[in-house]
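Since the structure comes first, as structure tokens, the remarks are kept for the end.
Residue numbering begins at 1 within each chain, and the chains themselves are lettered A, B, C and D in the order written.
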Amino acid sequence: MLIVMDKKATPQEIEAVVTAIESKGYTARSIPGGERVSIGVLNNEGPVDASLFMGLPGVKDAIPVTRPYKLVSREVHPEDTIVDVGGISIGNGHLTIIAGPCAIESEAQALTIAKHVRHAGAQLFRGGAFKPRTSPYSFQGLGEEGLKILAQVRETTGMPVVTEVMDFETFDLVEEYADIIQIGTRNMQNFSLLRRAGRSHKPILLKRGMAATIEEWLMAAEYILEGGNAQVILCERGVRTFVHHSRNTLDLSAVPVVLKESHLPIIVDPSHAAGRRDQVIPLSRASIAVAAHGLMVEVHHDPGNALSDGAQSLYPQQFEELCDQIKKIFNILGNNVDRCEAPISIAE
Amino acid sequence: MLIVMDKKATPQEIEAVVTAIESKGYTARSIPGGERVSIGVLNNEGPVDASLFMGLPGVKDAIPVTRPYKLVSREVHPEDTIVDVGGISIGNGHLTIIAGPCAIESEAQALTIAKHVRHAGAQLFRGGAFKPRTSPYSFQGLGEEGLKILAQVRETTGMPVVTEVMDFETFDLVEEYADIIQIGTRNMQNFSLLRRAGRSHKPILLKRGMAATIEEWLMAAEYILEGGNAQVILCERGVRTFVHHSRNTLDLSAVPVVLKESHLPIIVDPSHAAGRRDQVIPLSRASIAVAAHGLMVEVHHDPGNALSDGAQSLYPQQFEELCDQIKKIFNILGNNVDRCEAPISIAE
Amino acid sequence: MLIVMDKKATPQEIEAVVTAIESKGYTARSIPGGERVSIGVLNNEGPVDASLFMGLPGVKDAIPVTRPYKLVSREVHPEDTIVDVGGISIGNGHLTIIAGPCAIESEAQALTIAKHVRHAGAQLFRGGAFKPRTSPYSFQGLGEEGLKILAQVRETTGMPVVTEVMDFETFDLVEEYADIIQIGTRNMQNFSLLRRAGRSHKPILLKRGMAATIEEWLMAAEYILEGGNAQVILCERGVRTFVHHSRNTLDLSAVPVVLKESHLPIIVDPSHAAGRRDQVIPLSRASIAVAAHGLMVEVHHDPGNALSDGAQSLYPQQFEELCDQIKKIFNILGNNVDRCEAPISIAE
Amino acid sequence: MLIVMDKKATPQEIEAVVTAIESKGYTARSIPGGERVSIGVLNNEGPVDASLFMGLPGVKDAIPVTRPYKLVSREVHPEDTIVDVGGISIGNGHLTIIAGPCAIESEAQALTIAKHVRHAGAQLFRGGAFKPRTSPYSFQGLGEEGLKILAQVRETTGMPVVTEVMDFETFDLVEEYADIIQIGTRNMQNFSLLRRAGRSHKPILLKRGMAATIEEWLMAAEYILEGGNAQVILCERGVRTFVHHSRNTLDLSAVPVVLKESHLPIIVDPSHAAGRRDQVIPLSRASIAVAAHGLMVEVHHDPGNALSDGAQSLYPQQFEELCDQIKKIFNILGNNVDRCEAPISIAE
């Protein structure tokens, strides 16, 4: 249930509603945004009786929420969330390009690639310091040394950095260095990690699990918002199917569904979906055309010698082409994506 | 194996090569296109000995074919196939839009929709006369009466018509009326139907099976080319996965793979992939952005009363928006899609 | 709707009900089995008004059918169907073993294998004369010559024979020779073929499509029953998933679901599910343990030289082991499988 | 690479081989079991030069390992691992039945169910204290209070207890109470958790990820063995596919593949695969017939009021039937499962 307050409701009236909610054993959560205050009622079992709140001073409406997710839903929060990272806006109306190597290998490697991708048009730099690897015998990332190199890249290039956190134990460390903290596909339902992310003051990039439904994905985001962190960016990266001409099957229909269901920004990772360099540019164009808010792309200046995922990393020149192409597509979509049946009206 | 002839090879020399191939028990098939003649060697078991042909007069080269498909492959036929239907070109450099209702319901219905979609920018009209239906108790289409209505639409609007053939028995009938004969997803490996299509003089639109790999799909097309009909258009329409927010999962990575592997045109059917109206326009934009050669879209002037698939049919006004949007995307891609690593170089 | 007649209803009363049904534009179909007559009402759109029939003489009850499939459902036909093939009973209480090579290659090959599998315990012989093949260049079967060899096997060994029909055109021919006509996974929704099978007087073995839901599968069977042929045997053969350690993923949960939903016999084909010889025996044991009514297994005396599917064919000695093992499991399950929550009560 | 020592190799000779391995920058790991010592060479990049070790005193052989997993493979460790838990043996030749409620709800609930399942034949008790839940608003388990109830159940009934650990942070706590520590499907690639499990002295029950290949699953187990804990039990619990008549699709072909590839015990969880009570008994029979070493089954004395997963929990009486049925099937399989092509030879 969502309690919508009058525009002129006083802090005392709002406080009284919160008290009334909590006296029933529910959790009350204020919803940011808009010109009026709304209060979500969480942790109820079974339906909530609207009449408990409708009579209270300053209450305009009490709206039942039909979805299992509450705080991430458009029902509760109709306006698009725009995540701000060091002055860069991520969300509706903005085209966000995150690029960099799969793994940080050295300062020289990171800086070389960062300069390439910044020049081509990337606003944020990505690179793994802690790498989740199928095999215990594979390169596991440089760890804290990698984080320090990321900080060096930020200082040198001015680009905010995105890097993955693998576990609760190293969360504090990653949080100290990263501008955006990535939670990877294998951890989408690592609930301890999600709860910790909910207590973070940094934006979270939440990748879809490789076999997750959209409902499960939004519920994972709900864990983070429920914990108090509303700065969540969703990232579609392909799902596992019988298809084997690409590593995963990029599910672009997820983008319009998420845009309709949730106010959170959604970007696409075509590199992990494809697993092959020659599909990355076409899938990037398609991702922007379907109205995702941005891309996260793997780029390496020397893919043949990359310590991980070289086969799917673009050469710098290919990444330049990619940026040129998607900017043109983004521009014709116009600045705003509506959430109506026909999501885009192209302004001539 | 592909026998490439000299540009100046005489008909007698070509004939001698065909005879040499057939004397070994293989099948010889001339490959159309280009300024020189090539001859495919088919139905071999195990490798073919190139030296059998290299010495013959007029033979320039003998190239082993590494793919299980031969005639549909770029190895054998590097140039893009352009299918011509009543003066409309389908293939590289052209944007093809096919639209219409799922099923032909009446002359009035068909003509109403046809005029709408022609006005919006569709070049071809689609509509089912014979409908494959999961249930024997569902509306099965108007049959021959539907075909006659399609002919009426063509006469009135000038649009060539696309309609599905369900079986060998009614192939002659459908062939008589249709400009493009569609083979549906459930029939992709109906080999009798594919062989009959191979003997047709009409272009064939071959939908991907809902659980088909690209190799299986191209092999199905190979049946048609092997039978003598080189006018095949491929159509991606989504595959069946665990995902249920769309009826099928549109596999757009199939497009760059097919463009690389085969010379045949490929279009996308976003309506059957989505199964829901509100995903059709975003997926259409993505399909053109990924570099498909066109779309086939379901449109109905009164979807609420459609006899089949109403929920996924666009309203005419939505279809107008769709056409506007995809034309803009098509235009910025430039006229030609290369088949290199980065498939498109956008001309400024 | 199902109209249940009194036990003592006269032929005239039954006829009157049929007339009443047809006068409303519906189709009436008598349901075989039991000690009383029931009449299914088919081809209705929307609900049927029970009061139209409840007052008629001899009518005991009028039961709405909640499933999309009617004639194949337990609602309409609660008793198990037992298919009789030359004195061999297939269905509840019987263990049916069908075995033989993927393709008939020669009379010597067929007879050699037939004698092996009969000796081991198979009651029916399988072998393909018309083979659906992904590639037009693969061995397509011996055609009518293969059918004649099958007839020879039947005459020599006394085993009824099962063989696949690929299309409407060759149905008459296959029907002439086969004791059970198989419709393969790629043809599960070849509706012309299903309608033709519905007019056949031979039992039909209907394989599940590789991406078919159970509802779609039962609807395919419904086409056959609706056409007038109630002798249908279902065959689970694995579905296509992301898993690649077996060719398909055998979906054994389909067996209890089908047993609950339908009265038709269901067997399992572990060979095509596995695609690898070393999984066939374990999956065969599991299939009988889950309460399938039988198996169809590929056996070849010389798998290394088989013209198709050699890798999944058992050696004769392995097939003997298989038969020994599954008979023991079948025996402890007891003779009858209940369709209650706990489907089997093992008699001590 | 696996260094196999002579039977008479001295501790000094073994130590010298370890030193030689580590001097090359590799990791040496002794392999338990058999009458001779073997030493695995881990963390090599690229092939290892056998001649470095073949000449050393006491070395009998140096065998390259072809699989990406080493310590879990049959190549490195041919004998079956038998896990001992409080005198109960889990692995080849033993039938292990683990049963209990999805979640511990109260001492009364736990003890009631424990007595039922012990009486029916279960040797171990399962119950969740920390529950991974899709929604942050669902019941999350009793936490430490649940663990204390489990200890109470063990004391009262003598049954060892199995419970899930959800994260690194609570691992110490769970380890203190549990006899077997379960890692759930969502955590199969939570590498921090796997590394922590590798340092545990308690056996680990590792469930297959819902979209994991067998190679990924065995690699996850490799993390645990590489950490030093060789007591790992694998648990198949179904994979996510397009199929929706069961919650997941139980992949029983995984059992023979795992039995061939690895020496670790493998059991099956039919409850989470099915998600519906009426499929659990048939799938349990199939699991034992396919030669799994045991089952983990959800049982509740009052499923209608269970706090989680009631719909898939068996009633106690159904569980009795299940135990009766699977014991009979286990007995006819004989005591030993071979790992040859035809895995079981039934002793008459």
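As a working rule, a residue touches a chain if its C-beta (ideal position, glycine included) is under 8 Å from a C-beta of that chain, and two chains touch if they have at least 3 such contacts.
This is a predicted model, so every value here is computed, not measured.
The chain pair from A-C, C-D or B-D that repeats the A-B interface, sharing more than half of its contact pairs by residue number, is C-D. Comparing the centres of all chains, each the average of its CA atoms, the largest separation from chain C belongs to A.
Between A-D and C-D, more contacting C-beta pairs join the chains of C-D.
Distance between chain B and chain D, defined via averaged C-alpha coordinates, is recorded as 49 Å. The distance from the centre of chain C to the centre of chain D, each centre being the mean of the chain's C-alpha atoms, comes to 37 Å. Touching two or more other chains at once are residues 211, 240-242, 244 of chain A. Contact residues on chain C toward chain A in their complex (touch as defined above): 240-242, 244. On chain D, the positions that touch chain C within their shared complex are 211, 213-214, 239, 241-246, 249-257, 260, 273-274, 277-279, 281-283, 285-291, 318, 321-322, 324-325, 328-329, 332-333, 341-346.
Contact residues of chain D toward chain A in the complex are 42-44, 68-70, 132-137, 166-169, 186-187, 189-193, 210-211, 215-216, 219, 222-223, 226, 240.
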